[in-house]
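Which chain is which? They are A, B and C, in the order written, and residues in each are numbered from 1.
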């Protein structure tokens, strides 16, 4: 699991690159989930500067999960997200839930 | 466990909101501990801008733990903290200790 | 495991101090690994402002692991690092790998 809650596109580029490198290193079959919430949601909206990189990660099997709390707060619907991004009820709860299932957690 | 070590009141507001949402999602009985150290200590001093929100979380059963190392470094005694905030010898050691006990870790 | 991927020397000083305090609290025999990647690599180059503090932690038994991806990207060889710093193929993969082995994760 990779946790992203910052607004800056430079941060987004860096986190997306971290995930690419992680897949390169652990293999494309590795389950990786990027969880975005708060200001990090801007990384996965349709017009995000690094949307092409998000697409690439989705096509490599990465799950991208957006926080429904944040989406309501920012008045963004699922149609406003990059195709293939999933919605979870709460980004933070998702991070807790998956750790309980034994997933590792990285917060770049 | 939620880890806070940044100084900005906007960050504090955001982290406190994350915890509210987490409780909403997982239920008020969920054990949540906010660990503050370093510049994050300013979130839990009596005159903190978001002290009312900290009070609300305390009343919902959240444990708030302040780092004694940081308190000594900033010359703040337990009387200078919001009522109900607990003191732990080291914030970072607390984060390690609870992960060893199986607690999930979130660093917003 | 302590994760550092930020560029600012103030952040480096603070993270290195966190590790000192952690050793003070849990004892010098405690296994601690500092993983640096991305902009955080600047904390462990030979001319880093806080190189003496890194040396001190190394002498207390802390492992410091630098990301080879980042080193290639920044054109820094192992000779450019503080003596005793180790190189891992990927900093992020190292963080995942050790969590799978049961290590706690802290991202100050």
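The rule we apply is simple: contacts are C-beta pairs under 8 Å (C-beta built on N, C-alpha and C of every residue); 3 or more make two chains touch, one makes a residue touch a chain.
It should be emphasised that the depicted structure is a prediction, and the values quoted were computed from it without experimental measurement.
With angles rounded to a multiple of 5, the C-alpha fit of chain A against chain B returns 120 degrees of rotation. Under half of the residue numbers at the interface between copies chain B and chain C are found on both sides, making the touching surfaces mostly different.
Between the CA-based centres of chain B and chain C the separation comes to 25 Å, rounded to the whole angstrom. The residues of chain C that reach two or more other chains are 105, 107, listed in rising order. Interface residues of chain B, counted against chain A in their complex, comprise 14, 18-19, 21-22, 24-26, 104-108. On chain A, the positions that touch chain B within their shared complex are 3, 5, 37-38, 69, 89-90, 92-93, 95-96, 99-100, 105, 107.
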